[in-house]
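In the two complexes that follow, chain A is the common piece, with chain B as its partner first and chain C second.
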Partner chain A sequence: MDARLRRVNKEISDCKNDKTSQIKIELFDESPFHLKGSFPGPEGTPYEGGLFEVDIVIPDSYPFQPVKMKFITKVYHPNVSSASGAICLDILKDAWSPVLTLKSTLISLQSLLCSPEPNDPQDAEVAKHYMTSKSSFEETATYWTQIYAGGPGPKEKKGKGVGGKGVQDEVAIAGLERAHVDRFETLGFERSKVIDALRRLNYRGPNIAQITDDRVVEELLK
Partner chain B sequence: MGSDYEYSDDDGEYYDDEEMFDGTQDEGDDVDMDNFGDDFKVAGKGKRKSYEVDYDSLSQQAVEKLMQRDVDHICGIFGVDTDTANLLLRHMKWNKERLIEKFMDNATSVLVAAGVAAPEPASPPAPVRTHNNSAPNSSTTRRPTTRGSKLLSLASGSKSAKSPPSTPKPMQRQLSKKQDEPFVCQICFNDAPDLQTLSLGCDHAFCTECWTDYIVSKIRDESEHSIRCMAEGCALVAPDSFIRSVLLPETGADPEKQEFNEKTWSRLQELFVRHFVGCNSSLKFCPYPSCTNTVSCPSAASKSSLTTIVPTVSCGARGIGNSAQDPAQSQQASLGLQGKEHKFCFGCDIESDHRPVICGVARMWLKKCRDDSETANWIKSNTKECSACQSTIEKNGGCNHMTCKKCKHEFCWVCMGPWSEHGTAWYSCNRFDEKTGVDARDAQSRSRASLERYLHYYNRWANHEQSAKLSLDLYAKTEKKMEEMQITSALTWIEVQFMKKAVEEVDKCRMTLKWTYAMAYYLAKGNEKELFEDNQRDLEKAVEDLSELLESQIEAEQIPTLRQQVTNKTVYVQKRNEIVLEDTANGFLEGRWRWNVPVPGFDDPVETA
Partner chain C sequence: MNFLSEDVPDPTDFPPQAIAPGLRTLDGSFRCDICGELYDGPVTIACGHCFCSACIRNCLLNKQECPTCRKSANEVHIRPNPVLEDVISAWKEARPFVLGLTKRETERVGEKEASRKRKRSSENPSSSSSIPGNTPGPSNRDISSPTRTLKAKSPSKVVKKPRTKREGNAEVNVISSSESEEDSKPQALKFAPRAEDLVECPLCTKKIVYRELNGHMDNKCKNDSAAKSWSLLLGGSKNGQQKGKHKKKESNSDDEYPLPLTTYNTLKDRQLKDMLVEQELPITGNRSNWEQRHRQWIVLYNSNLDKSKPNRKTKADLRKDLKRWETENAKKKKTVIADVKAYQKEQKMEFAKLVEAARPKKAGEDASVTIDTSSPLPLPTSSSTAPGDATEITSEDE
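For the complex of A and B:
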């Protein structure tokens, strides 16, 4: 039998038989080379309570070339693209070793959620948010966990930002303050444009003092 | 850095000026052209012209010899084996002096960093980032790194010890059954009792088959020559003898696989050579597909040299792939692209031959063309309307002298003006009259003038590029004409080659002309620029004349006259081209050229009111 197939099959069945593991690997359809992995968000992080799904593609020369993984679930994290779910992690690139497995790689993703590396970002805007204000970043990440990963939502915190069930709050998704968005909206700009501009400018925390209203208007007129 | 790095003290063989590949060889072309080519010699052969650089062409074997010399040198000094010397040199980017310095300072750390030896005793491999709680099976592959630490003690002692360190033997072939627990390959999970395994000095054992697949994948999928141990976090690098023993085992595998692996091995040798060449600024690998030659051009090794020379070089080979060099095909192939020599610029990757303009300015121009492509798009169009009757005319040859099929109006493709003004009253088409239409007080018209100025140069630039592309058609047409001539006249094959030579010359000169427009666009106003544009205009006129002659109808009785005319004009075009190239190159050497924009390596433009 094809060595790659033998190895992948063994990895899948090992993972199934491990009842203590939180890591799950399932087939999408018939192919053992396109899989769906999932794991719970780590405790004590903004991702706690969420379930994170990962798209797994096994390349032809696996395990000698790294497995391809990206998040299916939207994640607010400096090393994960907020748009595509692409992941920046060394073991998925040049630090890959053929002894690593799908399971061990998924565990690495789980631990990546515990320890972001904003200096080696996949999503520059999210990384800037993280560097500017960790608490504001965590609020947004928690909100994303709630609306995209089925998380419980913020633990009785001011209750702001979170809309009713099913209603997604664009301001909270962008990690911004409602008051700021409202203020520029009253100048006559479209709300979605204001949100985009403020997000691009990283209009958060101590940064707000650095950004003049003129600068925001300039960005809005682009 | 590799910039000031020389091959070795006893060198000289490869850089001997007398043996230099003579750049004028491209004048002579094929062997079978020799007796004919003499008609076209402009200047005496021999001395290098000011627009040429000294360079040397090296085969892959010649470069391998240079590498081997460095390896032998290191082996001799450090008392290590070839494998180790190779890994050390590759790690230090072939900077031998720095390697010796570092090795003398701390042999252990160099050996570890180069992946020859494992780090200090039996410490677990450095954990991969964000990988703290993972990979339960990686611990089972960890074994005490006895061999590694033994090597280390020897290596670190080499500083003071009289006897050189024994060469490390970082390879082990073993049968797994020697240990009490049964061996399971941690990659393929094979646990067959007779499983053959291999490990580097670190003792991370994996089955032979996994090693083979891994090495093949690294070389073929990643073009990687530095192949690390497969264990997670282990930084040992597989030495050449190990890779060789895996890919080319003595006990023959099935022939198909063996051939595949042999190809992989030779691909690896090429990767080694490419890496070596990339580490040395006076070497460059030939960019033509499937060519493995290298060009050595020390005079263009530094960035600053590129402000005074345009290092156009050729690796010595011709054609694309191996087929074009087949002598049976060469007669056919020599006409078209196929037989072209591997010409390239040593200083940049933008175009094979952008003489007379230097790399930096050529790059600047191409960037401008890219940025302004939207506005300039309309000119790229391959069709225009006749200025007299408005019927659509398609350009289908290299010549700018257009004759409308419908109304017989003759005009210039570039400026759309009547051709009569060009032919007799001279060729004012190459020079943009900057005085016209500029209203200094009107900002809008000024910006329009600047766009028009750009378009003037771009238009002519693009036209010559277009014509050169169309000259492939011209090649084909000319070939047909040459065949006809042989039938309708008494001329031999050799005697009709003047047509081919003329097409080649037109092609070549259009390239020169093309780049003169990039140069002229950036040249500061003044006498120098006017002289430059005078030379440009003379060449352009000569090229258009010859080009037109080539596209004219051939009547059998006129062939002897035509032959004389074409030959004369070809010589003249060649001469004009020489003048443009020579004068521009001299100008760079003398520091004569001034630009209207800042160019790195030149004085900033002086503001002229």
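For the complex of A and C:
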């Protein structure tokens, strides 16, 4: 058994034996170098209550090269690509150190969810949303946690959100206001296109005052 | 799943803190943070952190900082840690024994718990009185037998453990004899040598009469005929005893110095080949093979030097290690696609999925977009008969 395999084996059994961290590592298939990690969303954040799964690929020269990790669960976070799940975190790149383990890296991901870094974003649109209106961002992140990560969902304070269970609300997923989307839809544009355009323009919070309707229509006609 | 069921010793072999305080941590702290194995040739770097010699050397090739605290570190900071090395070899010996003890102990505790429950439920005086008498009996017998076998191998290492267990008389006798041996050695060392005593020359490690030592060293260790005759006269028994003690000093006098790291970029093929030949390494493969081979050889060779002499491997063994490393590396690099057609058939769904995923982004635009997005796929060079999307993409690529 080569050193890399032995180390992976140890790391998995270490995770199994540690019940306090709540971090799990499983195999995808027979390969010991393609794993699935999961951890609960940190408390006191929009991700609380969700279970986040991570795709782990262990490179040939592990532990001298960093593990490759990306989210399987969709996450609304400035440093995680909302489309591909790619993660922007220094220890997964040049700040990797061979003493880091799968467990410690997954804990780092967990704490990345606690402290977003919008100035070094992976997903620029999400980062803009975060910078423009944190409360609106958190609402959207909570909604994503609810529909993708099995979270408890938002406290039912605003009428917006899902009508029936299991139905996904595109407007909430995009982090937009229903009223805005409806307004442009009545102009005769396709709903999905409106959502797309408004998201690209970051049509949220104080930004709305700065974006003229003409600008939106221009974007829609593109 | 089978790789998980394979038994790789790690700290979790020991019961958790609540049952066996400190043991798990102890085993963990004897392990290198990089490879997770018990230290193999432990070394310390400038910041004080400890790693296997080969591990930290490999690390420093990538980045010149301590993997643990990120303080800057360098090859030249590496110092061997012979004390820890001794600790590790003792622990390697003791580990299975301690594991056995803890296992028995947890079983015993479990039995006791069970018996206590039984007692509480049945309130039977006869059973409760028989159990405390019974349980220590077998466990005592179990403990003593492996202790004896271990003791036969290395009396000095297990001295303290059996003492705390308070076992039979025979055991105590063995202990006291081994202890007196231990005591006598350091005492002998404490004495300052008298003028006529034989001492070891710190330069050439030959035995010299103490009063002649200065002259001998001034003569650059050449004039040792007198010393030779003395050592012959005084017999070999004393010599043999001292040899073992001074092994570490001897290694300094050998011509075994670490090899320097090289920047290969400035070397010509010829020079690089010569360097390999000089180390008696094969010169098969291409230039990058040579560089990797030489670099890894330096790591292996230097880390071997960081071990104390009895633990070192021979050069022949090191060469075998290098060869194994190279074949393993070659295996990792190649993602062998044995049957290209079958591979494409197998991956067809995957290709289709990727193409599908790429399409809606720029709906309505021409097909070249989808091909662009899917081009970084690790496509094998295809033959023209391969089916479906795969053919389309590869032909566009070419």
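Note that in this section the second predicted complex is superposed on the first by the 221 of 222 C-alpha atoms of A that agree within 3 Å, B and C clash if a C-alpha of one lies under 4 Å from a C-alpha of the other, contacts with A are read in each partner's own complex, and residues count from 1 in each chain.
We adopt the following convention: a residue touches a chain if its C-beta (ideal position, glycine included) is under 8 Å from a C-beta of that chain, and two chains touch if they have at least 3 such contacts.
Only a predicted model underlies this, so the values are computations on that prediction, with no experimental measurement involved.
Engineer: After the match on chain A, would you call chain B and chain C a fit or a clash?
Structural biologist: In the arrangement built by aligning on chain A, the partners chain C and chain B clash.
Engineer: Please indicate which partner A:Ile211 is in contact with in the superposed arrangement: first for chain B, second for chain C, both, or neither.
Structural biologist: A:Ile211: touches no partner chain.
Engineer: With the two complexes superposed on chain A, say which partner A:Pro63 touches: chain B (first), chain C (second), both, or neither.
Structural biologist: Both chain B and chain C are touched by A:Pro63.
Engineer: In the superposed arrangement, does A:Ala86 touch chain B (first), chain C (second), both or neither?
Structural biologist: The answer is neither, since A:Ala86 touches no partner chain.
Engineer: Would you check which partner chain A:Leu27 touches, where first means chain B only, second means chain C only, and both and neither mean what they say?
Structural biologist: The second partner, chain C, only.
Engineer: Which partner does A:Lys10 reach: the first (chain B), the second (chain C), both, or neither?
Structural biologist: both
Engineer: After superposition on the shared chain, which partner residues are touched by A:Asp2: those of chain B (first), chain C (second), both, or neither?
Structural biologist: Second partner only.
Engineer: Just chain B (first), just chain C (second), both, or neither: which does A:Ser111 touch?
Structural biologist: first
Engineer: Now that the structures are stacked on chain A, which of 20-28, 92-100, 200-208 or 596-604 shows chain B clashing with chain C?
Structural biologist: 200-208
Engineer: I'd like to check the shared interface: which positions of chain A are touched by both chain B and chain C across the two complexes?
Structural biologist: Common interface on chain A, chain B vs chain C: 3, 6-7, 10, 63-64, 97-99.
Engineer: Applying the document's contact rule, which stretches of chain B touch chain A when the two form their complex?
Structural biologist: Checking each residue of chain B against chain A gives 128-138, 141, 186-189, 206, 209-210, 213-214, 216-218, 221-222, 230-234.
Engineer: Show which residues of chain C lie in contact with chain A when the two form their complex.
Structural biologist: Residue positions touching the partner: 1, 3-4, 6, 8, 10-12, 16, 33-37, 55, 58-59, 62, 67-68, 70, 328-329, 332-333.
Engineer: Please name which positions on chain A make contact with chain C in the complex.
Structural biologist: 1-3, 5-7, 9-14, 16-17, 27, 30, 32, 60, 63-64, 97-99
Engineer: What part of chain A is in contact with chain B in the complex they form?
Structural biologist: Touching chain B from chain A are residues 3, 6-7, 10, 61, 63-65, 89-91, 95, 97-101, 104-105, 107-108, 111-112, 115, 117.
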